[in-house]
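For clarity, chains are labelled A, B, C and D in written order, and residue numbers in each chain start from 1.
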């Protein structure tokens, strides 16, 4: 993260502000077809209502940009400062997370008015006195919540026996053949630089850049797909305790887990709401598996005679290639499809082979050597979550274009699986 | 409950149907100022969303009236038969109660369309072939949910730090003087007939009419009011274990109970959302206390050197008088005020002194001698709840006019207090 | 309960004291074959360790008799006044109930020394100054815990895969034929006196004696037996929701209940630890069913086209006959068998047909009209438990001889079944 | 871990067996002053009864050594194979962990007979056919449970208001002066070999030996002591959310944590059962703090402007020095004191400065590169616990002499603190 007190020259400020406002407009575009009720309900404590996401990202700009930096700024509503704080203890007390879904008031239209009020305020910010890093942090924060808004909505809709669709389903497509087994791509180890290079924006947890020793290793050229996972199920993977971490086996038994989240067995095979937001659809065998927990990913890798890569192996090998070219267009046609590698890809190429699914790694989410959170409230952004979570690398079909990069560290608890979480295999 | 197979002559059928449709219109009127989101969220497992109440009462008519009795009737939506069954095991599986609040779809407008569809069906019912008792049962069932709709909404709004108001507050009223201590009204015991007389509608749990022996007793002429309750709090009633039943004391300690539900201590005294649906308002000392649990009612009575009346004592003495004349007008002007007795009421008169608050009794909710539920699904209406609950008599400001009567047996678990529940004292 | 300040003349005092000390010796005799560890462990919060029972009944005498009434009495251990208080809020704070099983110290031998210390103190009590009612209350309190000691031990042993036996099994007995269906005994109703007559000891909850109106009714001549219960299981009684109270059905589903407690299905039928304390033994078809909850008893009665009797019906008809003559001898030969009626019993005789099993009634445990607990700590004995529990009448093979009587009111929560709880059918 | 199929020559076999039997005798010596009841009760699901530890380690030898390798061996009790399996899914079903404390039978003496039976069997093992690694693994497994036996017992005794002592307290000692702030010892980084060198026994999780890059760093010369911790408490460390990881802050609030486990505030300062097993004693300011969770250790380090070391930093710097010479004698005189560094230790010396307390590190418990568990049941020993736990390095006053080494990786969940867990500070 750049130094927080760096102010931008007017032209750069305008460019950044333009980008920010367009990003904020994208957030609102994501709820275009949703009702106030859709945006209000919270389906589990881990998830938040869409309305809350829209308000909280707005609160972030009000609290950290407008109140301290815009002379004469009038707070939209004092109550919102309490209601829409997420977890910033430095800022003050806050509405309890599990009760976010009880806020039928303010109505959605008032939250949209709140957004407009803050957008107007952002446009009045004097360029010279503005910390550019906070503007940028706010922009990327907004993007993170754009993804959560969709995954939380998917969770809500998946609880509904009516299986509502977020978007109308696309035209039926010809059934794809089962994808061939992925090639193994050999990667050389050695003393390796890891972490953000300093060019462009990054969150604080992506640095400091530092050296890590890696032994030689190999990575699967593509993520594990649904057809692979069906083999794991057919081979009693969910009923074989020796494949599982002890915590994972307990989780499987306590929750009766038998398949990835949202999979429903029907007479003609599994259906799922996971690969798209089109409502319940037949499982696409050639699509990357998603909505698996770290426990499942780890057990699958053991079953396959392989392992998960560390986050460093991933960054050094996969992340240096560009994102999948197939990801961006999905946002244009709202097809929400997830790309898979072509069958004839060269065996040594990881080119364009990531970005459609978050990939669990074998690395715990811990600070890089020398990591030090920023002082004040924004220092609570990432560092305080560095325990008991695992790192994911990649991106997903729900991630806004331009948001991810090779050094990006996503993180969730090992049992969580309501994100678009999959995996890629590694071996020694 | 009248025999279920009694058919009405055409004229009586029309009158009953007219009454029923007007009652159903009243249900919709209760949500006139609410949003789809307000009607969708469930604030606790005990409560249900307003939308669910509107749909479930409608399901009742579809399932028990239209499907079996209206030739050629087309079901509105097969999914609704699953979604809006409340607890009828005989009918089939049902949507889990704690997940009622996740149904952002169907939207409110579709539930209203469902209601219109069923209302139209009801009007096509051929008079001669219709079981009048089921029509009547459906009407009273609808009324019960009208009350629950408001108490559940109050619970939802009470969780919201914005303190939304259901209705705009009335003009401020002059502060009332503290009400005088209530007179004790002496009542003669003896062998007493208890239960519904058979004139007009009654639920099955109000019969069979049977004899109960009562010793002489005395009843307070009015319910306990907020000013009384403030004395109990000031005298450390909530911190004195010997006043409480063992279960009640555990409940007080586990939940940190220090006042009736919804009471909030402010610098200038208690505020509450309980006495009205006008949002947070200063406590009215002269109004009956509401939102107390059975445990609290019982402890208060012990503190006051008295006891709760049995449901039989109540029915024999209070219930034979007419309802408070002050209750009905509240529905006209939407003031939702709760009547209290005038200071100069004659000491032997319980006339008009009930109906504004549900009064906990000392009686467990058990079947009357000879009670036998109706065969089939409607037999699940009342009988299967006859364990671990206590009987309340009276009515409340949220009860539809004409719904209650002397023999009416309401029932809740001893810890529940989100209804308009208060108490009246008795002594030997 | 007699007036608490009544002092006995010296001779009567000696007789009572003699009886008391013999009773206390019986308590110790019950653990003759148990280890310190057997007496220390607590198998669930509802149950208490045997060591705790032995210490708590002793504490009762120290706290209520010796400390206030024996001049110069030296407390055995101040810590014990905290450790072995059960639920007397008036006396002071106490060791939390769920942690009773963590007290490996004091060891059993020290608890026995505590008992000897208190027994010696009791013998030094000056006759003239002693409240006889407290001595008697302590004696009956001791007897209550004698029964609990055995049922709690049975629960502990039932959790142990080794199936330890409390007593060596008796010689094998010839298999009994299935008992015939019980006769129905017709009973006349009318205005009936209920409650203790005032002769001999009774707990406060057995009075005041008062009038209750009863309609005519009929009672089964014997309790329901295991063979009957096997028919209920075979007819899918545990899988038929319409037989159950709503709370009961939820309990069945949440706990996967499929049989009475302690029943284990084997290839050659059910085995159980319930009918005896001889370890796991084949089910005896002709023995009364025990270890059923109120929910199960109520569901069985509905399945059988009958109902449970009220506690008043039971007292008026069954309780006026003497206890089963077969109960007492069991304590002599430690066979712990439970008597069942002979097949040729006269159809109108309930003579000797109770006392082997506690019988759930249809009555909630509530105060009799005019009930008023004694002032002070002993007033906490019964009254504060009068909510959400059901009354049982009868007695059991684990009840000390002479402890029960027609007016005795035992009480447990509807889901509890670790006592020797069964049922008898009634019908209108 | 050496290859599992390596057999030892007769002389080496005898030496190892002698060492093993002496170790097993040490286990029994640890319960010399305990009762059967002390050894039976389980005070929380994380802890196990002493009797269970004694039986489980014995089961390990029966299951993995005697049954497969001793011709003609007769199993002591088939039931024990079920009762005393800890977590080996490969071996078969097992008694549920939270119910270990319900086994009042078998009595302690039978468990001791079981031990003697297995010890005799071990002595009959033919040298040539025995896998030495399994003997050694069993020995170290026995030692691990020796430590757990004491920490679990401490937890049990700490729940007892009588504060029992495991050993009689030593003679009072003069109060020590507060220790000076520890020196910082500078350590050079670079590419560093980590993991067991292959000489002597090690668990599988200590290898494979591999290279790790370390930047330069500094370590505190001694662990944090109680006097330091009192400063943290006095400075509101437990009430300052910005010091805590998010999970840690939630843990502090949910459990009301205000001090290390077992600390009790008295009028004259804290008392604790933690530093010894002598019952409740005044806190010793100069002793290392123990019984803190990872969350507390991490928050303390942040408060002190430092951080926890990684397990690699610890191994490279601290672990290469010998254990504290003060640890071993404690086992001779049973004083259970924990050594602290002398005030005049040279600033660059970590010599002898570890082994009295387990030190939380900043490293998650994860497999080393190339780690692969052994096939079969012993492969479940360590690997399946590699999620959500943190590594501790060091040893404790309860660790058997000779059990720990520089590469030893202990691991617990971040909230657990019933072991002798403390910390040492690091900085960049």
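As a working rule, a residue touches a chain if its C-beta (ideal position, glycine included) is under 8 Å from a C-beta of that chain, and two chains touch if they have at least 3 such contacts.
None of the values given here were measured: they were computed from a predicted structure.
> From subunit B, what is the lowest number of touch steps before subunit D is reached?
Graph distance in the chain contact network comes out at 2.
> If contact pairs are compared by residue number, which of A-B, A-D or C-D agrees with B-C in over half of them?
A-D
> Compute the distance, rounded to whole Å, between the mean C-alpha positions of subunit C and subunit D.
Distance between chain centres, rounded to whole Å: 47 Å.
> Rounded to the nearest whole Å, what is the centre-to-centre distance of subunit A and subunit C, using the mean of the C-alpha atoms as each centre?
60
> For subunit A and subunit D, what's the span in angstrom between their mean Cα positions?
Their C-alpha centroids are separated by 38 Å.
> Can you list every residue of subunit A that touches 2 or more other chains, as numbers and ranges?
none
> How about subunit B: which of its residues touch subunit C in the complex?
Going by the criterion above, the answer is residues 87, 89-90, 191, 210-213, 215, 241-242, 244-249, 294-295, 298, 362-364, 366-367, 369-370, 379-380, 384-388, 390, 414, 428.
> Mind listing the subunit C positions that touch subunit D in their complex?
Checking each residue of subunit C against subunit D gives 35-41, 43, 79, 82-83, 95, 99, 101-108, 156, 159-162, 164.
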